[in-house]
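The same chain A turns up in both complexes below, where it pairs with chain B and then with chain C.
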Partner chain A sequence: MPDIHDEDSYEPHPKPGVSHLDYAGEQGMAVEQETLVERDPVKREEARSLWGDAWRDLRGRPIFLISAVLILLLVVMAIFPWAFTDTDPRKADLVNDYLRRPNWGDVFGGGWFGYDAQGRSIYARVIYGARASITVGIFVTAAVTVLGGLTGMVAGYFGGAVDAVVSRITDIFFGIPLLLGALVLLNAFATRTVWSVVIALGVLGWTQIARVMRGAVLTVKQADFVVAGRALGAGTGRLMFRHILPNAIAPVIVVATIALGGYIATEATLSFLGIGLQDPTISWGIDISSAQKVIRTAPYVLFFPAAALSVTVLAFIMLGDAVRDALDPKLR
Partner chain B sequence: MNTAVDTAKREREAPYEGPLLDVRDLHVEFVTRDGVAKAVNGVDYSVSAGETLAVLGESGSGKSVTAQAIMGILDMPPARIPRGEIRFRGRDMLTMGKEERRKIRGQKIAMIFQDALSALNPVLSVGYQLGEMFRAHRGVSRAEAREKAVELMERVRIPAAKQRVNDYPHQFSGGMRQRIMIAMALALEPDLIIADEPTTALDVTVQAQVMDLLAELQAEYNMGLILITHDLGVVADVADKIAVMYAGRIVETAPVHELYARPAHPYTRGLLDSIPRLDQKGQELYAIKGLPPNLLRIPPGCAFNPRCPRAQDVCRAEVPDLFPVTEEDGTPLEGRGSACFFWKETLHDR
Partner chain C sequence: MGSYVLRRVLQMIPVFFGTTLLIFVMVYSLPGDPVTALFGDKAADPAVVASIKHTYYLDQPIWKQYLHYMGNLFQGDFGTSFTGRPVSDIMADAFPVTIRLALMAFVFEMVLGLALGVLSGLKRGSIADTLVLILTLVVISIPVFVLAYIAQTVFATNLGWVTPTVQDSYDLTQLVLPATVLGSLSLAYVARLTRTSIGENLRADYIRTAVAKGLPRRTIISRHLLRNSLIPVVTFLGTDLGALMGGAIVTEGIFNVQGIGNVLYRAINQKEGPTVVGIVTVLVIVYLVASLLVDLLYAVLDPRIRYA
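Then we have the complex of A and B:
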């Protein structure tokens, strides 16, 4: 038989056909022997489930690989910023004038990207700024996925009056503009940390996921296997979480991944406006904001944090696109 | 906890006298924007242990809706059951609590669906889904559930069950998938299985294999079986008795071979005549004139009257009961009934 997995065919695993033959022989199923020999358990391990298929599809996509590498890098940066720079991002040394251009020779050094108006290393601040952005992005996305996912699941599964009430509540929240709502909410916090931003965006951002989840659940709920599950005595919880959820989660994952980039941008916007994160937290938004004052004389002070922000947002949107294409080619 | 188990055991030990399932005067309606669609209009049937009842009818005759009402899987609303009883071992399931009803599903009454590919969850392995029956109802461990799944797959003769237990539904052929559906329904050894067109999605050679398997397992477990189908050929060998449905009513009941030999309702007659037969090669195939009635506007009188070759004024005015069918000399024919004013003429073909 021709081997469809050419790239794997050199693997020196033993052909397990013999044992299969024995087994099939015991059962007296000569007809099945041929197909069993073809079925190589090593290869059969992959790409059988929906997720396996999606993963195989993703691995071959350059967009996925690029965005995944970028995101991995950003996450490592957020967790271990000191691994990328020795410079203290908060050290303001006025000897380091912002009018001194970036020193391209000073690779990974404090002066690589130049210094900001207060004499702080822009390179170090770009590195340390990743933590706020990634934290906000990931935790807001986790919060909205859980909150919106549950809400949408309840609305879609129970339908009727429950759906009407839950959907109207969703609509009310949906009507609040994310940025404006966050501005108002964040004003209520005396000191604003990463967590206050996460709470504000989480409370306002779940509606999109809720709507997507509700729609997906409504579709999956009609499927025969849900009716069959009920006919064979599955309870509500089992139907919702074991049978409907895995079939309805794909669009939610796609929307959540793309939205993650949006939350990072929103955090930067809030910080830029002075209502998001505050010093001493290091955030690209704050740095972009403070760079405004010197933009004419030293544009690179603005450029590097802005570029870092753009690349991060882009990476998540690209990842979302790739995941969408892999999970649901119809949406393309 | 213990008492529940004990009661369940006692129930099993003392077999219930009388039919396993007894449906009486069942009505099901669907409230739609255009009005009330009367899908089931007074169905009576019963099934005993070890017995196979075939429910025959075209699409929209109410055969599947009746089954769904028995299973309790109708979406209510839009469906509603204004009248009727569904007695399982003498207890009316329509008046039971939700949880009690859920415990009957899968454990006492199980259902086999038409299209196994869509009735199996595409993202879960068949082993998981089979094992789930035991995990959900019996609370066994994951490993034990897997073993039971393999056992079940072997019982419905899926080759190399051990190797295939972790495969996903789309990796099986249609016949194998339907076997998995059967295995799932059999898992907890229910008293009654409802099979809703179990072989319609399969090709003819596989149909026979699946039907044989089902019949064999039914005999082995002494289960009651309700076989819903529109295919006269499928039921001939396996069914004990047949109920023919039209527009939500049973129009004829009979032991299977008698129905084929001597139908007592013009509709049944028409169905039998529209089967292609080798000895009539070259002749034009008979077809029942007209279309099945719109359930929103079922014609007055006998619902079949607009299509019936024997229709008289009485058929347009009165709804016929299910009359007992007798021989010409008045000898009653056991288990036979026909909802036609002219059953005598139809039976004796005059």
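Then we have the complex of A and C:
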């Protein structure tokens, strides 16, 4: 996914008159809010944290609710696929002719979405395909967030020569297009599993997060509470992770959520090109690729995995959009 | 300005060497021997393998290979592919096709993306705005290869306006459909970025001043609003030209366009190291030059940004 977000447009929103402790953790916040409600309702408004604010805002957004429900459903599908279908997605029976149209009466049955060219149930394969996509999406995002977050934090916090070196390394990795790099890396694996795809995308994909994190840290570093923390004798680790991180993480979360959908699409593209996942792993990308041969006569063989893939990517992008709107009041 | 450009160019040098070294290491030191792969299922004669490896410098340690390659590169020699054809020859055939394809996609996404973005940004909350938002979201979430099949089915199979695959890669009219598919994802991003940026700037003080001065609407939009809103869009477009050429791998494959995407895909699959490294090196140069141009464009768009 290309970098659509200008890193500078994300600024943390420290509210004047609120100490950094109030942002630091939601849990501490909740307790404080409770007591304040009883004493003085007006004060409660002032002390609401960025996260509390964002959560309040998100709950009221239909787009957030729709995407959250979709993602929840997909995650359940990924963990318990057998709860949605009794049909074995790998059972190929040529009695099931792919030219026979989908049987709409066969709700949740093997023939609901029809059969593919090898006589396997498309419905079952769509359900079981969720696991590969969701696993790749979540683990790649976790990997790039940790890798990119740490790199960006180090570059932004230390500045100077460290920043120059780390930023150039980031530039080097940024210069290689994700899809091309992943194709070359994955070609080296003789057998490729979900984990090889996660490694390839994680190694190449962290640069965007690193840049966003660096930008956010540069802004937060200047804040008074960081200076105060340092003056009170807080060490580097404490300043970085207790003071700066909670205030610089918001734009990273937004970019990571939107990127998650992009990684799912990239995995599908790699599998489609034949250099991503391999049989026996069930992946929508592989299914779309094998549906190519019968696209003229049986377009639904391609339609269902493609629709599942698109809806999944859509859900994560909508979630990211909603989170960005909630965390960045400037855009409202 | 001059010293800024110099500093940027100096910064580009380590990035250029770093990126090419990275791709070099990825191609040549990862498992999978390209030379034994040349023999297919047959058992390879060790003497022949050794002699091929020697010809292609593959028997040297990786850093020596890299220095050797770079030395040749600066004399304009991209090396020879395992089939014996000079890599520069292969690229001279394929690059013009991809450059045309990428430029068409670029113009398409820029013109239409900006138009849609301005339209929806100016009329927030209107039906047109909602339509643009939904449309772009749909385009973003449908992967390019699925989009390519949809376009193929609708425009070639059903409507019969074009042939499903490109017959002559040098014929511009045949490249229209692949270019549209290639540019559609970025088009959606351009439209959304422009919309957001315009929405932010509409509330700026200088717009209120311009309106208060009684300037005509057209002038306000083109001179004041658009110029200020373009900066994030230009950043995106700048890095996108390189991305389009890299992203052509999927589109070119489906539409059978004989560009670098097709060549690169085949080369990666056959572990054709010299071809892969050569093409990616050129793509990296394109990317670096484009991002330099973007930085220089900032100063043109926003006079407040000065490079001393």
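Just so we're on the same page, the second predicted complex is superposed on the first by the 283 of 332 C-alpha atoms of A that agree within 3 Å, B and C clash if a C-alpha of one lies under 4 Å from a C-alpha of the other, contacts with A are read in each partner's own complex, and residues count from 1 in each chain.
Operating definition for what follows: contacts are C-beta pairs under 8 Å (C-beta built on N, C-alpha and C of every residue); 3 or more make two chains touch, one makes a residue touch a chain.
As the structure is a prediction and not an experimental result, all values here were calculated from the model.
Asks: Could you say whether A:69 touches chain B, chain C, both of them, or neither, answering first, second, both or neither?
Replies: Neither chain B nor chain C is touched by A:69.
Asks: Looking at A:309 after the superposition, I want to know if it touches chain B, chain C, both of them or none. Which is it: first, second, both, neither?
Replies: A:309 contacts chain C only, not chain B.
Asks: In the superposed arrangement, which partner chain does A:94 touch: chain B (first), chain C (second), both, or neither?
Replies: It touches nothing on chain B or chain C.
Asks: For A:79, decide between first (touching chain B), second (touching chain C), both and neither.
Replies: A:79 contacts neither chain B nor chain C.
Asks: With the two structures laid over each other on chain A, which partner does A:288 touch: chain B (first), chain C (second), both, or neither?
Replies: Second partner only, chain C.
Asks: So, does A:162 touch the first partner chain B, the second partner chain C, both, or neither?
Replies: neither
Asks: With both structures placed on chain A, which of the two partners, chain B or chain C, ends up touching more residues of chain A?
Replies: Here the partner covering more residues of chain A is C.
Asks: Residues of chain A touching chain B in their complex?
Replies: Where chain A meets chain B, its residues are 20, 23-24, 27, 29, 31-32, 36, 39, 41, 48-51, 160, 223-225, 227-235, 238, 242-243, 246-247.
Asks: Once bound in the complex, which stretches of chain B touch chain A?
Replies: Touching chain A: residues 71, 73, 77, 102-107, 110-111, 113, 115, 118-125, 132-133, 136-137, 159-160, 162-163, 166-168, 171, 181, 184-185 of chain B.
Asks: Over in the complex, which chain A residues touch chain C? Could you list them?
Replies: Within the complex, chain A contacts chain C at residues 2-4, 6, 9, 168-169, 171-173, 175-177, 179-181, 183-185, 187-188, 190, 261, 265, 268-269, 272-275, 288, 292, 295-296, 299, 302, 306, 309-311, 313-314, 317-318, 330-331.
Asks: Okay, in this complex, where on chain C does chain A touch?
Replies: Contact set of chain C toward chain A: 11, 14-15, 18-19, 22-23, 26-27, 30-32, 137-138, 140-146, 149, 153, 157, 186, 189, 192-193, 196, 199-200, 231-232, 235-236, 239-240, 242-243, 246-247, 249-250, 253, 264-265, 268-269, 271, 276, 280, 283-284, 287-288.
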